[in-house]
Amino acid sequence: MDNLLSLWHSTGLYNITGGQALMMLVGFLLLFLAIKKGFEPLLLLPIGFGAILSNIPVAGLNDEGGLLYYLYFGIKTGLFPLLIFMGVGAMTDFGPLLANPKTLLLGAAAQFGIFASLLGALALNIVPGLEFTLKDAAAIAIIGGADGPTAIYVASRLSPELLGAIAVAAYSYMALVPLIQPPIMRALTTEAERRIEMQQLRTVGRSEKIVFPLLLIGLTALLLPSAAPLVGMFALGNLMNACGVVDRLSQTAQNELINIVTIFLGLSVGSKLSAEAFLQMETLGILALGAAAFAIGTAAGVLMAKLMNKFSKTLVNPLIGAAGVSAVPMAARVANKLGLESNPHNFLLMHAMGPNVAGVIGSAVAAGILLSLVQ
Amino acid sequence: MTELMTSGIELMMVGMGLVFLFLAMLVLAINLMSALVLRYFPDAPPATAAGRPAGGGKGVDAGVIAAIAAAVHQYRTRPK
Amino acid sequence: MDNLLSLWHSTGLYNITGGQALMMLVGFLLLFLAIKKGFEPLLLLPIGFGAILSNIPVAGLNDEGGLLYYLYFGIKTGLFPLLIFMGVGAMTDFGPLLANPKTLLLGAAAQFGIFASLLGALALNIVPGLEFTLKDAAAIAIIGGADGPTAIYVASRLSPELLGAIAVAAYSYMALVPLIQPPIMRALTTEAERRIEMQQLRTVGRSEKIVFPLLLIGLTALLLPSAAPLVGMFALGNLMNACGVVDRLSQTAQNELINIVTIFLGLSVGSKLSAEAFLQMETLGILALGAAAFAIGTAAGVLMAKLMNKFSKTLVNPLIGAAGVSAVPMAARVANKLGLESNPHNFLLMHAMGPNVAGVIGSAVAAGILLSLVQ
Amino acid sequence: MTELMTSGIELMMVGMGLVFLFLAMLVLAINLMSALVLRYFPDAPPATAAGRPAGGGKGVDAGVIAAIAAAVHQYRTRPK
Amino acid sequence: MDNLLSLWHSTGLYNITGGQALMMLVGFLLLFLAIKKGFEPLLLLPIGFGAILSNIPVAGLNDEGGLLYYLYFGIKTGLFPLLIFMGVGAMTDFGPLLANPKTLLLGAAAQFGIFASLLGALALNIVPGLEFTLKDAAAIAIIGGADGPTAIYVASRLSPELLGAIAVAAYSYMALVPLIQPPIMRALTTEAERRIEMQQLRTVGRSEKIVFPLLLIGLTALLLPSAAPLVGMFALGNLMNACGVVDRLSQTAQNELINIVTIFLGLSVGSKLSAEAFLQMETLGILALGAAAFAIGTAAGVLMAKLMNKFSKTLVNPLIGAAGVSAVPMAARVANKLGLESNPHNFLLMHAMGPNVAGVIGSAVAAGILLSLVQ
Amino acid sequence: MTELMTSGIELMMVGMGLVFLFLAMLVLAINLMSALVLRYFPDAPPATAAGRPAGGGKGVDAGVIAAIAAAVHQYRTRPK
């Protein structure tokens, strides 16, 4: 009898708190979004599962000595997001950007989403119960970069306790790009603008693609060293792919290595989805700010494109400005789709890939700025 | 306005300024680089395609695979 | 001269102890079993090689700063067995089990091998020179689970000094399943029983296969949280495979990741095969108990099937009860082979896969119980 | 009988009981789940097989790709 | 204004030292050699990139908490070079060596390059400003082994501050083998000697290939335990490949695992290319000694072959002696090429593979001797 | 000569001696091993090739390759 009681006391049912139960439901919800709705499943599936595991009572997977506790070192040290960023770099083709470098400015403009939502986070402090420090605000704002590894890297450095909510918001909104962006893009452009056909991109040679990552890391080293880890690993991956002499390393970085790290990273992020950290007013603020960041970044990219058209004779279709938020390659596809709606012969995909990958660089640069200025 | 908001606004202005500055310099650097490369180290245009058979082969194979899968299937299910 | 002497003093020949020499022979024996006899070579080859390496005198591969010392962290933290279990989960098809869920009870019955040998270990304490604590007994008993990662995980938590012998016994007996099981199965069944044909299994859809791992982790969280690390990683791997939206993660978990970890795990386990730990009466006890555990588990599975036939009108062939010990897929193949001997048209393989994978869950559950009750 | 044996026997009974309890509940849960899924979310039967071309194709293709890459390469570098 | 100044103070341009700028140029030079000149790109590309990253001012990638700081643990513990050596072992076919075992003596002779350059390093101490300890000299000398992982392993144990320069020299000279070796080989052989045709090698069976790595680790354990980590991991890889029963482990060791570790190892080695360590007179000494070591090893191998011809009736072509330095398979190809020049029907490649892989064993043995005798 | 040089020379002599000793013993051991293996465990010569179906799975494709090469060729040179 005594024994049965102590058995009952060791069950999850006896020990579970309301918060843990809710967070396990959040984990199941993330799995549902990943599997049934196709929301960035590569990340949200392990994140959701990590959320479930870390909220199992008694098991202590998150405590010292637990599996998720050890895996989290990969985030604490920055290793996981940086390795994923290297793999992303190896998958990225800078050809369209190099063929039309001024689209980098679209990628720059879209980062306004980051800084506007930073201000928004600080403004939200007037809501009673919300108290975002400058670090918190910067970590939240990076959601606007629409780039998972960058968001996780910055959040792990500036505001680890918000990491779970930030990562979830970042990946969820990336999956929602096809819903968030179109209304904004339509509202800010005229039918005539959406019909603009862009001149075909020149073919970019191998030498330029090899030199570009070196240029990128060189400029980063000289001007913005705080962005060096992110930009550096991204450039390394890109160089391994572009140079063509280390294909076996490049393939491994794009496949097995990034897959292994993705599983580990997802579980570790999930381990930050604890009730104490997630079931707070702050999380609602983060979700609202993340959506705002994506929307503002989209708008800024489109408006920048329209501004550029005022000063240049070779017009850009303003729709591709929206791809500047990154969310590769979803945002570029959205631009392409809207372009085709207005002009069935206007394939914008390759043109949108320029600002799209520019957005990755842009948000890594913005991340470096935040890491350098916010202490 | 609180001091925090002030530093936020400052951060926004400085931050966006630096993002634009950095990417604008990258535009210049790319233009310069491309000019130099195209002038002094021009790729033979087909070399780009042929220079990386391993990585490049993959996409091509996609079409071929289907054809072959069919061929193999036919071969394996042929009357013996 | 002085120099030559000091050289001689640095050789292995000068420094080797009898125990080290014997353990190196054990290592070579394991390699022989792995390579020539096909005994679970994926594990026993690295384990055997690890045994050789760790017993090389002077080299100190096991000491602080040595290679095996560092690799062993992967076992100490539980990371290696859990990652292998994730890969095993990704390779497991629960279709046959979901088509005939009551075969789970066969997987439950077969765990009697575990608890009976636990009692046996305690009973062996009457032999002078043997002194098994309750923790030791539990760690030894888990050999009866016929599941490598589970055995290593439990032993590393309860009785690390017995880990080497336990792992070797577990994998060796798994390889011997085709020799150990048939006589027991024949002795406990009649020819008529062995001829029972089972009705064809229904096809299980994708949705059920997706929901099952979630059900499994949910039930574990509520009832037996101490099994959560093992069951959780197993369910994660299974979900990654079943859901079909993260195939690149699932493939990596089943291939490169599990391969890498297997090499490391094997070497680390081998590093626990030191003379002080292995050349003991305890090891003989472990080998005897392991064999008994397999035999008892087999018998319990078969008898449970016969019992179930008394209460159900849809008969099960009692041979598939033996597959409940797990040892996937060897035990299921044994059941199939014996079935074919009695009835050449009776293919039991798919039917036996149900209790076979049930045995994996069953021993993970038993492991959780032991970890929770034995402190 | 020693105290250790007593606790061992207790452990055996409680342990086997819990194993059966857990797996029996899993049987019930599976039956319930299958009933619900089959009723409310029935799979189109062929979808199971066709739904995952990537995973199934992978192993096969890997070998074939190499073969084909070689074949194509040979074909492309033949004297023309 | 104040803010702009502090921004300027955070740039790399403001903070960069002359040494860092130079070392970044060295990094770019290594990338150039790797990509444009094909100098061992798999290693020199990540090493070069690591050199750039670690010399970016302010970013602190090398400091505690930085990415390269964490990666360097893989070298500090010996894990990275040993895992690469395991992969190399899995790629190595000992057939040609087993068919003609006396070519092991060529691999032994070529190690004279190591010991001669050790003496050379000590002799260089008469140059003012150079101060090589015995440990430094041994670490430098191992460049003569013409084997990357061995050199990195030994240097990390004996003289970590010279590791960067030693690794760069080792890989650079390996890439230069086709330039360094031919003049020496021509100078030490007559046309008649270069024309010697060797009798065809017998086919070596699977059993011998399986037993060989066991023989190798057994002999190492008994005679030279200090070489056990290197030789052991090499033998493990070789056994996994030769035995044919763990092909999935062998494939992973040869591909994904070695690729992942190569990226990490390269970056970590690059992190040792700091201005304080590299921009020293010592580095020039290392470069000179490395070249000498390769040259002397080549000569010793050739001369040993000529000596063996004096005592044996089955002649060896002295060109294959040069392959004894290892640098697999480059040195064997050089021997083949020179052989064909003198006798267009004389294919020496397979004959040269014997001493070539013997050279790998030879330098691992020499490494063990140095690690054992130099404290 | 400095003490360091002396120990260097000693190291050279001892080191080269040990390298030769070790590799010479390896020569002997290999000869012995080969003699024993060839005598008591001779491989059936074709067994070497066929003995490794898993790794050789690649080899098996050899037959398929020919078929595929033909298929590819046909596919690529078909009238368009």
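Order as written gives the chain letters A, B, C, D, E and F; numbering starts at 1 within each chain.
Throughout what follows, contacts are C-beta pairs under 8 Å (C-beta built on N, C-alpha and C of every residue); 3 or more make two chains touch, one makes a residue touch a chain.
All of these numbers come straight from a predicted model, not from anything done at the bench.
S.K.: Provide the labels of all chains in contact with subunit C and in contact with subunit E.
M.R.: Touching subunit C as well as subunit E, we find A, F.
S.K.: If we define chain centres by averaging CA atoms, which chain lands farthest from subunit B? Would you check?
M.R.: Centre of mass proxy via C-alpha means gives C as farthest from subunit B.
S.K.: Find the chain most remote from subunit E, comparing centres computed as mean CA coordinates.
M.R.: Here the answer is chain D, farthest from subunit E.
S.K.: When the C-alpha atoms of subunit C and subunit D are each averaged to a single point, how far apart are the two points in Å?
M.R.: 18
S.K.: Need the CA-centroid distance for the pair subunit A / subunit D, whole Å please.
M.R.: So the centre of subunit A lies 31 Å away from the centre of subunit D.
S.K.: Please work out the Cα centroid separation of subunit B and subunit C, and write it as a whole number of Å.
M.R.: 46
S.K.: Report the inter-centroid distance (CA atoms only) between subunit D and subunit F in whole Å.
M.R.: Comparing mean C-alpha positions, subunit F is 38 Å from subunit D.
S.K.: Could you list the positions in subunit A whose residues touch two or more of the other chains?
M.R.: 223-224, 251, 256
S.K.: Mind pulling the residue numbers of subunit D that touch at least two other chains?
M.R.: In subunit D, the residues touching two or more other chains are 14, 18, 64, 68, 72.
S.K.: Which residues of subunit B touch subunit E in the complex?
M.R.: 10, 14, 18
S.K.: If you look only at subunit A, which of its residues touch subunit C in the complex?
M.R.: 10-13, 15-16, 24, 28, 31, 34-35, 38, 41-42, 45-46, 49, 52-53, 56-59, 61, 65-67, 70-71, 255-256, 259-260, 262-263, 267
S.K.: Considering only the defined contacts, which subunit D positions touch subunit C in the complex?
M.R.: 2, 4-5, 7-9, 11-12, 14-16, 18-20, 22-27, 29-31, 33-34, 37-38, 41-43, 45, 47-48, 51-52, 54-55, 58
S.K.: Show me the residue ranges of subunit C that touch subunit A in the complex, using the header's touch definition.
M.R.: Answer in residue numbers: 77-79, 82, 86, 210, 214, 217-218, 220-226, 228-229, 232-233, 236, 239-240, 243, 245-246, 248-249, 251-253, 256-257, 372.
S.K.: Spell out the part of subunit E that touches subunit F in their complex, as residue ranges.
M.R.: Residue positions touching the partner: 97-98, 101-102, 104-105, 107-109, 111-112, 114-116, 118-119, 122-123, 125, 134, 137-138, 203-208, 211-212, 215-216, 219, 223-224, 244, 247-248, 250-251, 358, 361-362, 365-366, 369-370, 373-374.
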